Structure formats: structure tokens, C-alpha cells
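There are structures below to look over.
There are two complexes below, and they share chain A, which is joined by chain B in the first and by chain C in the second.
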Partner chain A sequence: MRIRYVGRIAHFKGKTLYEIACNLKNFGEGRVVTRLNFLNRYPEKSYYRLTKVQPDLTDLKLREGVAWGEKIFRGDNLGVRKIETGQKTDWKLIPKEEETDFCKLTEKDKRDQRIVPATVPFPPFLEAWLKQDLRRKGKDDSAPFVLNLRIEKSFTNRAKLSTEQ
Partner chain B sequence: MCSQLVRASQAVKFLITEFPPCLKLHNVTVLSVRWRKPRWVPKSQSKLFYVREPTAILAEEYEMLKPKYDAYRTEMKALRYFFLQANKAERRQEIARTEGIDAKKDEVQHIKALEINRKWNEECARLREERLLKEREKKEEIEYHKQLKKQQEDQITKTETESFVAQSLESSEKFITMENLDEEIEKLLDSKTDYNIGFRSKSQKQ
Partner chain C sequence: MAASAWKTCCSTLKHVKLSTKGVSFSARRYLLSEAYSCQDAWKQRLESSTLQQGSLNEFAVQLRERFEKEKKASVVDVDILANRLHEIEVTNAEFMEEILHRFRRSVDSVPVNDSIVYAVVRAYIDLGLTDRLLLLMKDKWNYGIFPNDHGVSVLLDHLIKENKYQDAAQVAYEMMLQEDFNHPITYLLSLYGCSQHYTSISLDPPEEKQVDPDEEEDWIPVKYIRFPVYDDHFDIKDERFLMGKTLYMLGKTCQDGVLGRSLQFMGLGMYHKFEKAIKLLENWEKDQPGVLLLNEAVVKFEESLVKAETRPDEEPEIDMGLRTIDDEIKLLRLTADEKDNFIQQLNEIKSRIQEKVKDEDLQNMVENFTKSQISEHEQSDIEKQTNLISTWTKERETLVDRQIWEFTRRQKEEELKTKLQDLQKKEEMLRFFELRDEIIIAKQKAPKVKPAEVEEDEEVIIAKRKKRRQYRPAV
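Right, the complex of A and B next:
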């Protein structure tokens, strides 16, 4: 009989962060962990160096808890942050012997900086429309229309405006 | 400029289907997606374990498209912000333009209203004064008559009491005291009243 697989596919093949932490001294303080999805998705190195892990020991599946660690994501050090995804069964512990080799960031872990121009010319039809509007109101339409771009300032957004370099 | 765009979008409204008013709620058209089966009916057997396969994303296509989409979205956000600011500026200008006008109109109207009110107040005061005067006069008259009446009554009572006092004094002379007692008893015993009298129909002595 042909086997028919039912149900959802498991995307994660690992352990929860708290499962790993519960087997380590000081709940894994100072140890390096990664997410397998990061290793698969991105060519650059991504890992966390744990600073504090507080598993919720009332949870039998060890899915609940809080953790903080120094986040190195795709070659960029984003500093000590709270780890929001500790409950995902995607974590892998890097053994102490392999830590130095793993954490070495080489040239290929470097990502290009994306610099966004501060201003951009208006869409041409819109510019024409706006100029017509100004002329109708009797105002000066000789000044060029320039659109100021705005970049959201958050740790996930690496893009920078050219004026802020 | 923004109002023009709004007008343009409104002109295109005839292309959008108009949903019946029963589906409109708080200016939002609400449509239920479950057309045929009610919500309490369980999933069909063929669809029970259905798992959707994720859409295949070609790596090269993604790599090519992502920066383009990022640029497009950044520009769209900037445009939206630009329109928002332009709208706000227009609104502020409109308010500034009409602020003074309304205030001036209100001022003129206020003065007129005050004048009208003053005239009304004067008229009301005049009528009030007249009415009060009449009432006062009426009161005084009533008061006067009362006083008069009271005086008359007092007089009457006075005379009555005087007469009563006089009568009493008079009759007090005929009182039987301890001194007269023996004499009076003797008198009574000596006198004799005759009850042998006849009465008429109207109880009068014959």
C-alpha cells in the first residue's frame, strides 16, 4: 500500500533553547548557540552567545522561558538582546572545542552596506500634476520637486540614508 | 491637489460594485466568505489533512526582485508621507484663512445682538415697573380696607365688652353672697310660683 503522509511538515529539526540550556552549567551562560534555519538560509554566520537563560521549569516540554544573548546575525553584531524565539525547536549547541572556529567572522560573512539616497526625483506624471496645480494657484513652479526618503530606524533595518553615513 | 485626487477616485466609483446596505456596517462592507456551508459543519473528508505546499521561490528571482521591491516600498512610503504633510498644510492654511473671518462676523453679530437685547431689556423693565406699581397700589388699598375693617371690629368688640362689663356689674349686685344667703332663702321659701298655666300651639303662655 502506498504510504500517504498527512499533516503538517516539520520545519524544525533541533531542540528548544531551554532544552539545551537545562543540560548545561549555569543554564548555558557564555555558550554559543545557533538556529539551524539561519545556517541553512544565510551564507553568513549567525549565532547567539548566551548571557542569561531562565527556562520555565514548570513547563514539561521546556518550550517556555526567557533568554538573553549577544546576537550575531549574518555577520553583524547586534549586541545583547532578548531572544524571542527560544521556544522554537530549531536550536543547536556549538561544542566548546569548535567555538573559536565557528565564531570566526571572515570576509564572506560580511554583508554589503545598503546606502539609500536621501532624496529621489518625483514620479514624472505626479510632478507634472503638482506643477500644474501650483501654476493654477499662481505660485512659483520653478523649484524642482524632490522626494525625501525615510528609513525606519530599527535594529532589523540595516539600510542607511546617504546623509547619515 | 489632494482634493483633486479624491475627486478622481470618486469619479471611478461607478466601476466598484455597490453592496446592499444590510452588509454595510460602520461604513465598512462586511462579506461572509462561507457561502454555502454553515460554520458548524465539519471539514470535508477530502480536505481534512490537506497541507498546502509552499509556493516555490526561485533564488535568483528573489535576489533580483527583493532590492527592487525595497526601493519601490521606500518610495511609496515617502510619497504617502508627502501627501499626508501636504494635506495637513492645506488644512492648516484653510483654518488660518477662515479663522479671522469667522471671528469678525461673530463680533459684528454679537454687537447687534447686544443692542437688540438692550432694547428688550428696556421694554421688559418698563412693563415690569408698571405692573409692580399697579400691584403696590392694589396692595395698599386692600391693606387700607383691612385696617378699616379691623378698626370697626375692634370698636364693636370694645362696645360689647363694655356693655358686658356693665351688665355684669349690674347683675353682681343681685348675687347671693354669704351675707345674703339667709335672707334669700327666707325670700324663696316665702314666695310661691304657680305653674297652673295653659300653653297655646306655639308654646306661648296664655
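Right, the complex of A and C next:
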């Protein structure tokens, strides 16, 4: 009897990190893995070099566990971090043969520095209103109305203000 | 008369099988010396007190019960079981494997304990259960048997001595999947095992199951249909591909140039990566002077290429619900045009490199190569393994002592608790009239616990159950 599965089609086309790790000695310490989504989405290279993997072998679907690895994301080495997305079926193991070629970061993998202006004009209607208000009060309305931009810095958002160095 | 007698003698001798178990002939092939398996050090571990207590079968049964009740058992207990596995009867092997499986599915199995794995491998070799051991090694999720270098070398040596070259090749495939041929002795032994076995693998494509489109389908509802992934490494099922990939990996690190190149070329042919192989050959033609390959490698490559199965150029996409991993494997096959192209390229190259091809037997070359190199690396291994065995024994003893200490501590704690409760009861009894008011207040403040009413009449129980189920929502 042929089996036909009926249901929603999964979005990812890979294996979970722990399915890959269970097949390897030491659960894949020192091996390079990537996420297929990162390879498709970004032109720069992203991969993880695993340092420690602890799958939860009591789970029958091999989706649970914890892992740590050196994260190279879009060409930037972000150091050893915890891998929280091991349960996504999106992972791919890089064979040792292709490791050196794959991990070479070239000029193409440099992410352009995003420089953002330090100030930004006010929304036009609000600006007009405030100017009208100032004129009514008899104050000077010639000074430019600008908003100071503040960047939420995190390990993925490294944009810079144009006034910064 | 004499001729006919001689004839009958020969014909009877043909049917007589000489049992060679346990008897050492000097003509048999010994690759590793006797001292390599460290039998003395391995037997010495049994003298420690932790491995001498009581009957193994009772211990195993107790462990199994503990797994059922608590879903976990301490690593030391499984370690002791593994180290005493060589005492079991062969019929009990399944029971012991169940315990190992349950241990693997418990919380304590991560990180994997090397001493347990090594002990299991040695025990199974001593019991002669290498077939079962291979099945355990292949099922990595459920058992996780990844032996260290010394364990693998001992296993390979044992299989080669017994002339079980197919099993030795299976072990070599496992090492290939780990992409780990760094250890020299493991490398040489797997090379030897594969070279003796590759001729018995037929290069014909395996039989394909005919798909009947009118066949009744079994519809199974699932939440999400997962995409069948063929990663061309752990998912390889075809033995030709496994052998091919192993030979390619072995050939890459081979110090002998001609042998290495021949293994790589032949391996890539068996693995059906023809484009890569032809490119490699063209590079060698440019760079390497002198002899390039063995004739046998080219012949085998051509045979694999001619027998390679093809896929039609354009096939309709199969529905996601019906797609299996075999369909993904089919997508990696050659088309008919590509196949003709490669055959043409191969013929061109063959005509160019006719002088650079040597005609020598691959198996002989491998045998000479292994025998010349293997004895150099033995001594360091023996020392390392004897040290490891003694550290494992010491660790086991310290852990057992600690376990006993914790057990006695828990027992004393419980004793103290029961003593305290007894004392409290006695105090209540003796000082009742003095503390009467306080006892009444405490009784009022205490939480009201109704004792459970157990209905003993069976008819009443059944009637109540029916009434409960009457009002269940329809599923």
C-alpha cells in the first residue's frame, strides 16, 4: 500500500541540528553547520562552528536540546553563542572536504556598513502645526525642526550614526 | 587403481571444512601483533572490587526495574554492566541491549561515556556477536556506539582475522561517515578490509520497485509533511556508493601516489560522481609525471559509468504527500545525454594516458602497503590504551564509593526523620493534658483531609462509571 501523507507542507527543507549531531561522534564538536535559510536569504556567508551540543535524547522527535557554537553571521564573527534554533529542520552539515573552501570569507562577504544620518526631519503636518504654534506665541520659527535618531544597538544591528566614528 | 583412489580422496577433501577457530596457523594473515589488544590490562580490570560483586543476571534485572520506575539509572551502574558483559549467555544479549537502549534514552547518556562503549565492543568481540554489534553501531540514535580508535582497530583486526571482509567494510563505512581516518592503524585496517571486499560488490543497479499508479493509497493525516532530505552522506543506502565514498576518502590521504590516485578514481566511479573524477584525472594528467593510475581502476570506473542508471530529462513533480527519499535519490542520477558525454570524455582521456597506466593487482599493492606500515604505530597505542583502562577503573571506583556514601547518607536521613516522628508522637502522648489547649487549636488550624471513600461493591462502581460517561462530550 502506498502511503500518502495529508497535511500542511513544511516550510523548511533540511534536518534538525540534533538529528545531524546524533549521527556524529561527540555530537559534532568542531564541525561546521549552516542554516539553509541564511544561505538563501543573504549574499554573505553565514555558518556555525559547533563547540558543544547537548541533544535531549529522551525526546522522540530529536527536536529538543541545547547547543553552543562560534557564530559567523553574514561575514562577521560574532563569537561563541548559544544556538537556540536547533529545533528548526533547516540545518545542513558541511563535509570536512569542503570546510576550508566554504569557511573562507572573501570581499564579497563583507557587509556594507550602514551609516544613518544623526537627525531626521519632523513629520510635515506636525512641523507645520508646531511652527504655527510658535508664531502665535510670537517666538522665532526659523530654526530647523529635527529629530535626533537613536539606534537600538544589538549584535545584529550595528548601524552607525553619521556623526559617530 | 591408485588414480581412482586419489580422485575419491580429492573429491571427499573438497567437502571437508577445516575448522580454524581457536587454532593459529602461521600461514594466516596477522596484521597486528598479539600485544595490541592489551588483553592483560583488560583482564586486570576485573580484579577491582567493583566488578566482582554478585550475580550479573540479578544486577541486570535490578537495573532494568530501576529504568522502568525512575526512567534513569546512574552511569556507574551501566558502566559496571558493560564491563561484565563478557560473562553473559548469548541468549541474554537482547535483554542487555534493551538496557543499553534505555540508558541511551535517559538523561545521563549525554556526554557519551567512552568506557561503556569500549567495554561493550570488547565484550561482543569476545562473545563472537560481531553481527549484533554491527547492527548496534549502525543504529546511532538508539545506541550511540562510537568506539575510540583502539576499539575500532581491535574490532577490524578481529574481523579481518576471521575473513569477514564484508563486516570489516561495514565498520569502515561507519568511520567514513564520521569522516575520521586520522588514526593510522584504523586507516590501514579499513583500507585492507575494503580492498578485500570491493570486488564482491556488484556494480549493477539494484532492482527498482515498480510503482503502480492505480494502487490503493493509505492516507495518513499529519500536522506537517516534512520534506524528504537526502544529504548524500548519512542517508546513503546503496552499498556501491558507500564503498565508493570510503575508497575515495581512503585514497585522498594515501602516501603512495599511484595507489592513492587509483583508489580515488575508482571510488568516485562507484559513487557515481563522474564529473568530479574526470576533472581530477585531467588535473593529474597535467601535474603528475610518471605512472598515474592502475589499469584496474580505469576498468572499474568504465564499468560503473556504463552501468549507471539514468533518469528521464523531464519528469513531472511528485506530490508532496507521496514523495519519499528514493525520489530525491533519483534526482541525483545522470541524464542519458550526460552519460554519453562522460563516456566520450573518458574514452578521449584513456587514449591519451595509455602509457601512464600500470597493470598491477590493487589488492596485492594494498596488502604490501599495510604490512609495511602497520607495526610502527602499535606501541604508542598500546601505552595510551593501558593508561586509559587504568584511569577508567580508578574513576569507576571513586564514583561507586561516592554512590555508596550518598546512599548511606540518605538512609541515615530517613532514619532520623522516622525517629523524630516517633519522638513527636511520644511527646503528644506523655504531655497530653499539659498541652491540651494547644493540641485543640492545632487540630482546628490543620487542613481538613477527607479520607478517600472506596466503593467496594462492583455493581455500584459500574453503574457510577456509566453515569459519568453518559455526559461525556462526543469526540
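We adopt the following convention: the second predicted complex is superposed on the first by the 149 of 165 C-alpha atoms of A that agree within 3 Å, B and C clash if a C-alpha of one lies under 4 Å from a C-alpha of the other, contacts with A are read in each partner's own complex, and residues count from 1 in each chain.
The rule is simple: contacts are C-beta pairs under 8 Å (C-beta built on N, C-alpha and C of every residue); 3 or more make two chains touch, one makes a residue touch a chain.
Remember, predicted model here, so these are calculated numbers, not experimental data.
Enquirer: Looking at the overlay, what does A:F27 touch: chain B (first), chain C (second), both, or neither?
Expert: second
Enquirer: Should A:V116 be classified as contacting the first partner (chain B), the second (chain C), both, or neither?
Expert: Touch status of A:V116: first partner only.
Enquirer: Just to be sure I read the superposition right, which of the two partners does A:T51 touch: chain B = first, chain C = second, or both, or neither?
Expert: After superposing on A, A:T51 lies clear of both chain B and chain C.
Enquirer: So, A:K13: does it touch chain B (first), chain C (second), both, or neither?
Expert: So A:K13 only meets chain C here.
Enquirer: Report the partner of chain A that touches more of its residues: chain B or chain C.
Expert: C
Enquirer: Between chain B and chain C, whom does A:N148 touch in the aligned arrangement: first, second, both, or neither?
Expert: After superposition on chain A, A:N148 lies in contact with chain B alone.
Enquirer: Can A:L93 be said to touch chain B (first), chain C (second), both, or neither?
Expert: The second partner, chain C, only.
Enquirer: Taking the stated contact definition, name every residue in chain A that is touched by chain B in one complex and by chain C in the other, in rising order.
Expert: Looking at chain A, the two contact sets intersect at 6-9.
Enquirer: Give every residue of chain C touching chain A within the complex, in rising order.
Expert: Interface residues on chain C, with respect to chain A: 71, 104-107, 109-112, 140-141, 144, 146, 177-180, 211, 215-227, 229, 231, 233-234, 319-322.
Enquirer: Which residues, counting only chain A, touch chain C once they are in their complex?
Expert: 1-10, 12-15, 20, 22-27, 54-58, 62, 89, 92-93, 95-97
Enquirer: Across the complex, what residues on chain B touch chain A?
Expert: Chain B reaches chain A through residues 1, 4, 49, 51, 67, 70, 74-75, 77-79, 81-82.
Enquirer: Which residues of chain A touch chain B once you look at their complex with the stated criterion?
Expert: Within the complex, chain A contacts chain B at residues 6-9, 114, 116, 120, 123, 126, 129-130, 133, 147-151, 159.
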